[in-house]
Structure formats: structure tokens, C-alpha cells
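Here chain A shows up in two complexes: once beside chain B, once beside chain C.
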Partner chain A sequence: MLQLLIQILMNGLMMGLVYIMMALGFTLIFGIMRIVNFAHGEFYMLGAMAVMLLFSTLGINYFAAVLLAAIIVAVIGMVIERLLLRQFVGRELNGMIMTLAIAITLKAGATIIFGPQEMSIPRPVSGVTNIAGILIPNDRMLVGAIAIAILVLFYFFLRYARAGLAMRAVAQDWEAAALQGIRPQRIYLLSFGIGCALAGLAGALMAPIYTVSPFIGEVPMLKAFIVVILGGLGSLPGAVVGGLLLGVVEAGVATFINTTVATMVSFALVVVILLFRPAGLMGQSR
Partner chain B sequence: MTFIKFENLSVHYGPIKAVDNLNIEAEKGSVTCILGANGAGKSTTLRAFSGLVKPSSGRILLDGKDVTGLSSDQMVERGVSMSPEGRRLFPDMTVGDNLRLGAYLNGTRHSWKSDMERVFSYFPRLRERIGQNAGSMSGGEQQMCAIGRALMSNPQVLLLDEPSLGLAPIMIAEVARIVRTINAEGISVVIVEQNARLALQLSDYGYLLETGRTVLEGPAKELQHDEHVKTAYLGGTMAATS
Partner chain C sequence: MKTWKILAGLVLAVALVAWPFFVENRFLIHIATMVCMYALLALSMNLMLRIGQLSLAHGAIMGIGAYTSALVMMSLGFPFAVGFLLSGVVGGLVSLIIGPILLRIRGVYFVLLTFAFGEIVLLTFIEWVDVFGGVNGIFGVPRAQIFGFVLKDKALSYLMALAMAAGGFFLLRAIYRSEFGAIMETLEDDEDLARSLGVNAMAYRLAVFVLSGAMAGFAGGFYASYFTFVSPGAFNFWAAVNLIVINVLGGIASPIGVILGAAILVPLPELFRDAVQYQVLFYGLALIVFLKFMPDGLYGLIGKIRGKRNDR
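== the complex of A and B ==
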């Protein structure tokens, strides 16, 4: 029984880490720009597409391909921010409609270029590791390890780096930040780039595990949305707590019942949180 | 010589004229106060100076150079730093991080560390509070942190918007002491206050604003004895606003 519980926790942790990567970028962009980025799943999809091109088509080393994919997605995100989103900073409703339009356009664009079919990517690692009876597929373990490294890096960046401090300052009070000499526009560009890079990384890491198609961003987007509702929109610690909670609850329900019920339960969780703690677990009510 | 000069400055918020044809001059190393009731345009004047709002007409000159319409970061670069109304600290960040952000534009670790030491010499209390979240401090400590943060950029001109608002009398005296210390080091100060008594005690020269226009100006010592100022701003109305 204990072994089963640990197995569930490990499965939940592996998925939770991917949810956290999606949710962190989503909540970071909202916290700083007040833009609900409905195109976040499409940046996940672009990351997967990029790794497919670089790794399986061009034959670049997998780790280099993942890194390049993240950079490519960040650049695409920054161009979109500069051209289409900048004017919607702070205007939540209009920004939301704009990101929806971007999401649909990116999905359609990817369908035109790559076709609607599902494609698969060779796995960079295979096999299963058995630690005292707990089974972890090696490819999942690799994703988990990279995700943890990225999250730690992201934490130290926000906590100590000059640009990280500036991002937190703009999120808390952009006008006071401007008075310190910070240019909010630069921070918007940087935050959107980082948020997109995190989504692109998640997509690039998950691409060999699932299949790749223009529509693979929809589920991760939904999960990120659930996670930030659970944790509190705009709260970074909330995204971590919410991501782990969602991962573990899903893994538990999927093990004892099935995955369809697991999805239902995750939405039931959102309803309960919204009813009794509308600002989320770690969110501050404004 | 004139260091700060506002020439026929007007600022609009949409159709509303918040500042109307304002002329202000201040010498280098002086303390200048802008007095007036709520909504007289005092804060707007400072917001225009610090680059948060763009004037609709008129000019702002700093040391003879036109700085009208520059952005906030450009004004910080030119040595104008503001401690805004309501302090506006980053509440979920530590005192240390708040101060470090005040030195956002002066590059190296070494330089902001020494600026922080200077701020601690003015406000020893902040050194004790360095790791504490700014939002958890008392109002007086937050005001010290806000002034300290504004000093971190090594300004030539310090703008103080309502520094005494909501503070206990002992903290108001502390703020007054700090303004004098800072000014003694050659930093020009422009102070906006509803507490006219305090502002006039600290200042060399004062301007009195009503609905965006200057209605009276003069050396602070003369304004202290002006009948209009006495009845309108040094009487009973002052206590109600603090």
C-alpha cells in the first residue's frame, strides 16, 4: 500500500512539474501584464513543433534542440508581445480577446504548415528505472529532472537577479517601479518572453512522450488554467502548489478509478476552490 | 542660479485641467514647497516633473536643459528622484530589495552597496529591517524606506510627495530632520505637503496652489506670516487633513 502511494506521488510529481512550468509562465504574464494569455497552449505546441523539426528532421542533439526550441518560442512570443499585445497591457478583457485570436491564428498556421495529423518523435531515452519497487519511466524522469532544474533557476532569477527584482517590482506596482528607473515596457517584453519560453520548454520536453500535432496545446492550456485557479491567479508560489496538487490528485484518481474521472475531479476541485476560496489557495483578494 | 524651472506648465487628465499655467523656480540646493488643499494640483506637478504624466503644454527645465516629457527612467538618469504619495513601496519585497531597486540604474554591485550604506547612515532603523517585508513595517518606517529608496539613485533633486501623511508627530519630526540632513549635503528638495506648517519650516521658498494655479508665492518665512496662508492652511483645517 505504501509502495502504491509513493508510486502515485511520483507519477503525480512528474505530471505536476510539467503543469507548474505551464502555469508559472501563464501566471507570471498575468501578474505583470494583467493579460490572460489564452495562447499559452499554442506556445507549448510551438515548442513541440520546434523540437520535432530540430531533433527528428534536422538531427540536432536532443538537449540542444530543446534549448533552441525554448529560445525560438521566446523570440516568437516577444515579437507577438511587441506587435500585438503591448497596447492591451492592463486591459484584461480586450487582452483576453486578442490572445484568443492569437491562439486560433497560431493553431491554424501550424495546421497549414505541418498538417493536422499526429506525428511522433523518437524518444531520446527509453527504459524504466526501478527504485525499490517504484517504477519510473526514464523519459519521464528526464523531463522531471530538467523541469526541476529550470524551476530552481527561475526561482533564483526572480529572487536575486536585477531583472528578476524588476519583474517583481512591476508586478507589485508598475508606477513605483517606473520611478526607480525601470522601463515597464522592457519588463513586459522580458516577462512574456520568459513565460513563452517556459511553455515552449514544457512542449519540447513532452513532445517525445506524447504525439505532436497543432492541437496539443489545448489540454496543457486547460491544465495551466486549472492550476492558476487553484493556486491563485498571478501567484507564483500558488502555481507551484496548484501544479503539484493537480498532478497528485489526478494520479491518485487515475490509479484508483480512471483518467476520465480524474479529469472530472480536477474540475470539481476548481469549483470547490472557487466557491470557498475564490482568490485561490495562495492568491490575495484584491 | 535657477536650477529647476517650470515655464507655463499645464497638465490635463483627459478634459480636466489639473495644473494650469504653472511657473515655478528653484535654486540649486534649496528646499521648495508646494502647498495647497486636496486636488489643487500639487501631486500632478510632481508627477509631471518625475515623468509619470506628460505635460500638455509648457516646459520643464533642469539646470538649463529642457527635460519636458521625458520618461521616468530618463528623469532618474538626470538625477530627479521621487518618493511618491502613499510611499508606494513594493510591499511583498524586503527592505533590502526595495532599496536595491532604488539603485536600479546605477549599475554595479559595489556602487549600490555603498549607496545602501549611506541610506543606513540616515536611517539606522532600516539596517535592522533589511530582511523584513516592506509591507509589514510601521508607517514611519515605511516612509523612511521610501525616502531611502529615492536616495539610492544618488539624485540631485529629491521630490517628496506628502512625506508626513498619516505619520505620528514623532515620525514627522524625524522626516523633518532627514530633509534637513539631505539638503545639507547639497541635494535640492521639492516637497508637496498638506501640512503647511511643517513644509514652511523646512523650506526656503513656497508656492501656494489652488485649482491648479499659483495664487501666492514667496520666501517661506514670509508665507508663514501671510494672513491668507494662516487662515486657510495653518489654522484648524490642517489637523483634519493629517
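== the complex of A and C ==
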């Protein structure tokens, strides 16, 4: 029984780390631009597509391919921010409709270029590690390790880098930040780029584990939604806590009942949180 | 009102009712039926947009109506009239029950809340296989019957849809022109002002939500009998997104804009029948262009052109 619980915990942790990467970008974009990014799953999909092209088609080293994929997705995201989203900063409802339109367009574009079929990517690592009866697939472990490294890097960036500090300042109060000489427009561009890069990374890392198709973005986006609401829209620590919580709860319910019920439970959790603590578990109400 | 306007309205009404009996193109009639159904749905979304609460649960509420009608007829053996009536009643009733809880929340949080609610409803349809038939849904829903006539004829189904859309249109127009409509406007612009004047804001919001839910439910009841099957996939949040798209394209400010939006957007996919992907791409691009350059929709554009003409 204990072994089963630890196994569930490990499974939950592995998924939770991916959820956190999705949710951090999502919540960063909302915190700074007040835009709910319905296209976030599409950037995940673009990351997976990019890694497929670079790694399986062009034969570039997997790790280099993942890094390049993140950069490509960040650039695409920044172009979209500059051209389409900037005028919607702070206009929550219209901005949301715009990101929906972007999501539809990106998905259709990917379908035209890559076709609707599911494609698979060779796994860079394989096999299973057995630690005292707890089974962890090596590819998942790799994803988990890279995710942790990225999260730590992201933390130090926000905490100590000038650009990171500026982003937090704009999130708190863009007018006060502007008075200090920070240009909010640059911060919008940067944070949307970083948010998309995180989503792209998640997609690039998960691509060898799942199949790749233009439609793979929807589920991760739903998860990011749930995580972000659990933790509080705009709260970065909340995204971490929410991601781990969702990963573990899902793994538990999926093991004991089934995955549909696991999803229902997570949405029910969302409704309850929104009703009684709309700012989320870790968020502060404004 | 000028005489010519009344005359033009009459001619239009007669044309809308009579054309399918002269143009016996089943496909064209089907498209027109869909335009009417989506017009009704988009009008129900328009009510929500008017009070500034964008609902992503409307696909699910339409689904509740569709499943209600299907189950009332198939499991309980009632005739179509009862099933159809209940589809709207249950749609409104569900809104009445969840409204007081959901409507307390505003803005983005309301959108996310309705989104989560919609997903729960959908997952219930999928998980509860005994009642709702799971992912496959329910097949063999009886067709609509009015006064004993089975609406197997496409033209008659079209007339029913037309009547529903027209009913929704005139209802909304009457509401927006009444005091109720004026209060709705203040709810969006300045709720504090409305409340300081003694308006029970929550009661108005709830009334709007219930009416909107009932309209979506009726559309669902029609859908079930028109297609003779219901499945959860048709009622996900993209269904609600479609209704928002119709509103944005046509223009939120007027029910005429909503009808325009439905009349343009619903037949659009047929232009790209051979390549579904291009159709979706065009859909997305059109939405982006409208949001960026024509935020008031087609109706706003018409208004601008008219305004310029009047300035001269």
C-alpha cells in the first residue's frame, strides 16, 4: 500500500512538473498583461512540432533541438504579441477572444502544414528505473529533471535579473514601474515570449513521450487553466503549488477510479475555488 | 414608421417563409435551417454579452436541452411537443439554479467558471454511459412533430427554425428597447449606479441568464430532433466560442448584427468544403481581422457608413 502511494506520488510529481511549466507561462502572461491566453496550448503544440522537425527530420541532437524549439516558439509568440495582442493589454474580455482567434488560426495552420495525423518521435532515452519497487520510466525522469532545472533557472531570473525584476514590477503596478523608467511595452514582449517559450519547452519535452499532432495542445491548456485557478491567476508560487496538487490528485483518482472522473474532480475543484477563493490558494485579491 | 419600411419588412418575411417551397434544393434549405438555429443561439449569447458576462457554458446548456428532449421522448415516451418544451424549461431551470452561484463572479473569473462548469456537464454526459450513452451519445431521437405532422420535410424543419430565430430576434429587440434593456446596459457600464437607483442588480442578471439559458435549451431541443442524434462532442466550449465569434463578427450592439453574423458565418464553411483546414484557417483569420480592425462588427461598419452619409 505504501509502495502504491509513493508510486502515485511519483507519477503525480512527473505530470505536475509539466503542468507547472505550462501554468507558469500562462499565469505570467495574465499577471503582466491581464490577457487570458487561450492559445497557450497552441504554443505547446508548436514546440512539439518544432522538435519533431529538428530532431526526427533534420537529425539535430535532441537537447539542441529542444532548446531551438523553445527559441522558435518564443519568437513566434513575440511576433504575435507585437502584431495582435498589444492593443488588448488590460482589456480582458476582448483580449481573450483575440487569443481564441489566434488559437483557431495556429491550429488550422499547423493542420495545413503538417496534416491532421498523429506522428511519433523516436525516444531519446528508454527503459525503466526501479528504485525499491517504485517504477519510473527513464524518459519521464529526464523530462522531470529538465523541468526542475528550468524552473530553478526561471526562479533566479525573476528574483535577481534586472529584466526579471522589471517584469515583477510591471505585474504589480505598471504605472509605477513606468515612472521608474521601465518600458511596459518591452516587458509585455519579453513576458509573452518567455511564457510561450515555457509552453514550447513543455511541448518539446513531452513530444517523444506522447504522439504529435496539431490537436495536442488542448489538454495541456485545460490543465494549465486548472492549475492556474487553483493557485490563483497571476500568482507564480501558486502555479507551482497548483501544478503539484493537480498532478498528485489526478494520479490518485486515476489510479483508484478512472481518468474521466479525475478530470471531473479537477474541474469541480476549480468551481469550488473560484466561488470561495477566487484569488486562488496562493493569490492575493487585488 | 414609414410605409415603405413596413412593406419591405412584409416582403422580406413572405420571402423568408415561402422560398423553400419554390427552391427545392435540400442542401440550401439545410444551410438556412442551420443559420436560423445558430442565430437563436447567438442571440442567447448576445444577452450575456450585453451584461458583460461572457459565458462559455452555453454549449453545455444547449447540450442539456438536447439531451433533455431526447431522453424525455425516448426513455419516458412523451411526444415531441413535451420534449421540446422541456428542453427550454430545463435549460432555463439549470440556469436558475446555477445562476445565483455563478453570477456573483465577474470578468475573467466568470468566463473561467462557466468554462469549468461546461466541462463538468460534458464529462457527466461522457461518464454516465447508462443514461447519456457516453462518447457515442444517443441515436434515433424522434423527429419533430407539429399537429401530428412529422417534420421529415426539410422545408418544415426550416420553418420551425425560422420561427424560433424570429421569436428570439423580436424578443431581444423588445427587451433592448424597454426599461429592462436600459437597466441591462447600466449593469454592464456601471453597476453601482444601477444599484444606487434601487435596482436589484442580481435579480436582473439572473433573469437575463435564465432567459439566455432557456433559448440555448430550445436550440438544443431542436438540434436533437433535427439531427436525430446527440453526442457530447457537439456541446463543448468551442460551441460557445462559435457563438461569440458570430456576435463579434456581426456586432454585439444590435440583434440585427447577430443575425447578420449568423447568416454570413454559418454558410461560410460550405465555400471551403473540399478543404476543411482552409475553412478553419479562414475562420480564425477573419476573426483576427475583425477584432483588430472592426471591433464593432459588420453592424458597426454599416452604422459608420450610414453616419457618414447623414453627415453630408
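Everything that follows uses one rule, which is that the second predicted complex is superposed on the first by the 286 of 286 C-alpha atoms of A that agree within 3 Å, B and C clash if a C-alpha of one lies under 4 Å from a C-alpha of the other, contacts with A are read in each partner's own complex, and residues count from 1 in each chain.
Here is the rule we go by: a residue touches a chain if its C-beta (ideal position, glycine included) is under 8 Å from a C-beta of that chain, and two chains touch if they have at least 3 such contacts.
It should be emphasised that the depicted structure is a prediction, and the values quoted were computed from it without experimental measurement.
With the two structures aligned on chain A, chain B fits next to chain C without clashing. Using the contact criterion defined above for the overlaid structures, shared-chain residue A:274 touches chain C, although it does not reach chain B. In the superposition on chain A, A:152 makes contact with neither chain B nor chain C. Rounded to the nearest 10, the angle at the Cα centre of chain A between the centres of chain B and chain C is 90 degrees. In the superposition on chain A, contact is made by A:111 with chain C only, not with chain B.
In the superposed model, A:125 lies in contact with neither chain B nor chain C.
Once the two complexes are laid over each other on the shared chain, residue contacts for A:93 go to chain C alone; chain B is not touched. In the superposition on chain A, no contact is made by A:4 with either chain B or chain C. Touching more residues of chain A than its counterpart among chain B and chain C is C.
Figure legend note: chain B and chain C, brought together by superposition on chain A, show a least Cα distance of 18 Å.
According to the touch criterion, chain A has no shared surface contacted by chain B in one complex and chain C in the other. Listed in rising order, the residues of chain C touching chain A in the complex are 52, 54, 101, 104-105, 107-109, 111-113, 115-117, 119-120, 123-124, 126-127, 241, 244-245, 248, 277-278, 280-281, 283-285, 287-288, 291-292, 295.
Contact residues on chain B toward chain A in their complex (touch as defined above): 50-52, 71-73, 76-77, 81-82, 84, 88-93, 97, 100-102, 104-105, 149-150, 153. Contact residues on chain A toward chain B in their complex (touch as defined above): 162, 165-166, 168-169, 172-173, 175-183. Those residues of chain A lying in contact with chain C across their complex are 30, 36, 84, 87, 92-94, 96-98, 100-109, 111-112, 116, 222, 225-226, 229, 233, 260-261, 263-264, 267-268, 270-271, 274-275, 278.
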